[in-house]
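You will see two complexes here that share chain A, one where it goes with chain B and one where it goes with chain C.
Moving on, here comes the complex of A and B:
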């Protein structure tokens, strides 16, 4: 260890840009720490314990070498067609997700805390969904205001009193975590409808292994390889009538959907058929797919189409993506739909505020991973506070996602703030506000140096016999320096996420780091 | 297999084959342009033939006023407005592949995807006429690679068989179309009839890469009757019409497990019919009755079979009762 310390202490802040005789000094010289928590470099400009070997390897790579590999990795994504579609002026453009090769490394102990906290949350959310579509005890006990739920646009009376297999409404959740200025993990958002990004988790790993193999030498990273057998088992477990050998399909809006690659990858790796709405038909309250040899019964549908488009007979009549009669087949118990219909009521941005209460109410436990403080604009007192502090807060429209419909107070113009003020006053219940949290940062490669860029982490949790947390997740990074928006639609990129297997490299916990 | 998937596989293979054939034709024409460089009249004729083979003469005249090297090559190779251009074929094949990428081998998708990106780059940056031969060569090589990956990695099952059907029905139709256009041309008006005739039929053989196999069968005696016999009836040359139809029929029989059910009866009969035409007639009879009507009826039947395949396997729209 002493060796590393020496090297880093010798390294002095640069005064003359990156013209240096020792190349190893160059890349981190201009690395600026700000008020956020940096996950690799601590306040004394020293790498955190579990990052030593990584830091050391990074210093050994020459800028030319890095540039070459960076280009190779990009080409690899392009060749494999690992792209998402961005819509501008109704024209879709295929883009690769920008990839940054400095991984997020999570020591095993830290991961264990996250795992426990997210399973707790997953279970409470699931119980909430079952309750809210059945007896609504939590509303009767006034833990959550009734009008918030029944007025939520994602609360669907169409699916009330449907008993879903194993009472599991959530098959796959993508929970977004951030770290606050102290490094403490907090839940930013629960995605219980169609969280995307799982394929990128795998592709980031493949590219890392292929292009940057030596970064793995000092670490033993939890493998992703066996995860699909678990995912498949989880889908089968949720089949109707406990059918031991169900026919499972993934329902996609089609090849033009921005997450099509995700759909195709998951279908292929789980060994299930990828279908579009037009491939399915409902007869006698059962769902069939049209094959070259006639109709074949479908038992489980992992759908990646939003509720509103699933069935033109129940929801939007103009939907061409859905299957007429699907909800009726679901109601009859002849087909499972994953994630359940109506899950949006539990990941609503205002309902989010009550998730800690759900955990206390259903499980009698204290939340292990905290929420971010949230002000509900529907509440008069809280609204007054929000309107007073718009320039400090992040305001979010409850029905928007993907980084849209959002005001980041400290970065906004006066005009933008006034626009939000007006909208909040007109439709208070459609807005929530949170303190601006400086998301934690990690080094990202910028051609001639590393810059501290903000990151978050989407963790995937699966239901089934026992809930499973996918080891790692999708680390999203705001590649624009200083930006707090990590969404891929807004210029965000991705990083590989490593969950370490043993305690070797994280035996020393830094004082600065704290856990829930 | 999902009907939609079968449909995509059929058209993926069919469009790769189409792009390949078009590239071969362009390459052959380019060479013969060089060899006949002093006959302006013939240069135009040559290109006109190609546009005819593509079957989209009217689109051409809508888009361009004159027949020039650059216009014709743009139309046949790069134009996204020509539904039959090499670039369009590759674009469609790649879109089909994308829709079934979980079904086909990863290598096949990656190959088609990078192929598309390569050609797209050529067509977007201003392509150079001197390099057209290289572009054609690229398309031929990628098509061979495509077929190689399929042979080496794709499981023999419905996916493979639907691709076989797409590939061979396209190839059969194209060979017939090429022959038809070349027969159509009146060579008598040229001065050196003998030499022109030789070049003419030689380039037919070249455009289907059949010149070597032909010589092994007929010696270097090139005339219309022999060339036509070779390209229509030869049982072992993989681009002859007979060979291709055998392949389509073979794939059909495999899919149906050698039984004919009521839903597949009309397709079976249409294939039988076509096969009989190719076994019952001789080249002398074809020539005597006029090759044009024979080839035309062959192409019509190929179209019909394409439709019947769609109908039999619910490719495209289906109404379920």
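Moving on, here comes the complex of A and C:
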């Protein structure tokens, strides 16, 4: 375990890495730091302590070698068929998510803080969901405006009063984190419906280990090996009637869905059946799966179909993806649906503004990981401010996802700004605004050099007996230099995310000063 | 007043049907001045029903018919007692009550009933056009509601078959004809626009000897409005009356979607539905 720490000490007196070799000139001399926080290189152009061995390794790799490996890694993704479909581009194209091999490395101490903060958030969000679908205490106590919740398009009165197993509405949360100019982590967005991307986390690691094995030599990275058995245990724990041996299925809309790869990967790796709506039936308030040996009772459904399409009896009657009667079986307590129906009311972009208040209200604690400041356009005063500062702010439509329906003021044309101004004035409650945050950056490989590209981090939190944070995550990178949009549908790529095991990392926070 | 209400919904299928799942909201609500003294629902082919209360307080029953069948009958029978709300023909809202409409707390408490829905959405121009004059000429929101009631009664022609269950308030405003559901949706839109909480009510109307009252085979829909300091008050724009004790409430919600009396999903042939309703004054006292 002391491997990593020792290595640093060992290297400290030596000059390797500080000597400008040819490669370094090529690859890092052109590395431009901007006003954002760079996670690898500090203001004095020196690698941060925990990145030191990585930096050193990168310098030792020749440009030819890098090029070769880069092509190999890319080919690996294609061969495995790891793709996603881009909506709204009319071509219905499947793309691979571009992969950048410089990983995000998270020291243990930093990770502990993230873990604590996200579990706190996860618990408050879950209590909020249980509350708004039962007694609505938080609304009665006027902590959150009632109309924002009950008139939210993702608030589904159909699931009011339903007691879900273990009162857990969230099985898997995907919380997006960014780091501000000071390097402080902040929550950008909560995803409590169907967060995707978990399969990429595994694939990124797989490719990374295969193509860049030596980068791991200096680090003790937390393994992802056993995670699927933990995920399976979480699903089992949430089964109705505390059934110790539940039948679990993953319900997918089918192969044409953009995240189908994610669905099939998770089903396969956690050892559960992958089914479509037509494979399930509801009879007398229980759900059954059609098998070659007749009907088999299903206890847990990890669904990757949106709420509105789940049950034509209670939601959209034109849905062919869902299962008639599913909500009634859920209501009867005979099946668990993960994530819970109606979770969208807690990850709505306007409701996000109130998550810190939820934490204070339900847990009596101060939020450990802060939000990004948010202006609600539904509020007259805040709207006035937003309309006056459109060129500085990021404006988001509350009901759009994936970077669509977004205005990045400083990068927008006058025409785009005017279009948003008009939209905000017509439907103020459908917009929120946030200051433009210079997301932190990490080096990304650009063929002949490294460029500082903006990143964010999706962290996955799982419910179950005790909520746990998945030791890794999906680091998304805006590969277009200067771009702040990291969404894969908008040209973003991914990086492997390393959570370090070594307790010794704690000491290195102090060591950083001596490098600087 | 006490009523015996019975309703029969009979489906015939062109081809046998199986794996049928159905949901109905037919039980008269037990709320305010209305008491549901007894209620039974009988399904044929026989099936157990599972009951739950929805977000709006309505009783919802679900049943499953797995095996093949070529007809389906749902029979409901209930005895309902209604005490009319006193003093609702004529009252004036105090200044304080008038102010209450605009308060944050009031608007929050009735948030669901102040918002537009797919059925009630109308463009601002229409909302203005339809309500400006009435609003200016009324001394308080309650008078506005009564004037609006008369206005819609005059403005729209009652014609069964002119519209469908999917017709929106905007279509009704443009066509100027419809049935009780259409009168109701349009009135909901106009009340909410003026900040008056309003909800959709489905139920029955007792026509009795008074054949002047309109209602399609006695199943009916109307509006309830909320005045500060008052319970929900029923307003029936199809008949231009204030609801007393001849309207039997079954379900309430934001619009038709929340109160759909009967729906189902099944595998099999086309269906034809026959509905018969009877509302009688109860002899027992």
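One rule holds for everything that comes next: the second predicted complex is superposed on the first by the 478 of 516 C-alpha atoms of A that agree within 3 Å, B and C clash if a C-alpha of one lies under 4 Å from a C-alpha of the other, contacts with A are read in each partner's own complex, and residues count from 1 in each chain.
By definition in this document, contacts are C-beta pairs under 8 Å (C-beta built on N, C-alpha and C of every residue); 3 or more make two chains touch, one makes a residue touch a chain.
All figures in this text were calculated on a predicted structure; none of them were measured in a lab.
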(message) Please determine, from the superposition on chain A, whether chain B and chain C clash or fit.
(response) fit
(request) Report for A:30: first if it touches chain B alone, second if chain C alone, otherwise both or neither. (result) neither
(message) For A:157 in the superposed arrangement: first (chain B), second (chain C), both or neither?
(response) second
(request) Applying the touch criterion given at the start, work out whether A:268 contacts chain B, chain C, both or neither, answering first, second, both or neither. (result) first
(message) Once chain A of both complexes is superposed, is A:290 in touch with chain B (first), chain C (second), both, or neither?
(response) first
(request) May I ask you to decide whether A:325 touches chain B, chain C, both, or neither, giving the answer as first, second, both or neither? (result) second
(request) Kindly classify A:166 by the partners it touches after superposition: chain B alone (first), chain C alone (second), both, or neither? (result) neither
(request) Once the structures are superposed on A, label A:119 by its partner contacts, choosing first (chain B), second (chain C), both or neither. (result) neither
(request) Would you check which partner chain A:279 touches, where first means chain B only, second means chain C only, and both and neither mean what they say? (result) first
(request) Can you pull out the angle centred on chain A between the C-alpha centres of chain B and chain C, to the nearest 10°? (result) 90
(message) Once both structures are overlaid on their shared chain, how near does any Cα of chain B get to a Cα of chain C? Whole angstrom is fine.
(response) 5
(request) List the residues of chain A that touch chain B in one complex and chain C in the other. (result) 281, 283
(message) So in the complex, the part of chain C that touches chain A is made up of which residues?
(response) 19, 21, 23, 48, 50, 52-56, 62, 64, 66, 107-109, 111-112, 114-115, 258, 263-265
(message) Looking at the complex, which residues from chain A come into contact with chain C?
(response) 139, 142, 145-147, 150-151, 157-158, 160-161, 281-285, 312-314, 317, 324-325, 328, 331-332
(message) Could you list, by residue number, the parts of chain A that touch chain B in their complex?
(response) 78-81, 254-255, 260, 264-265, 267-268, 273-276, 278-279, 281, 283, 289-293, 295
(request) Can you check the complex and tell me which residues of chain B touch chain A? (result) 1-4, 6, 95, 98-99, 101-103, 106, 109-110, 113-114, 117, 158, 162, 255, 313-315, 318, 320
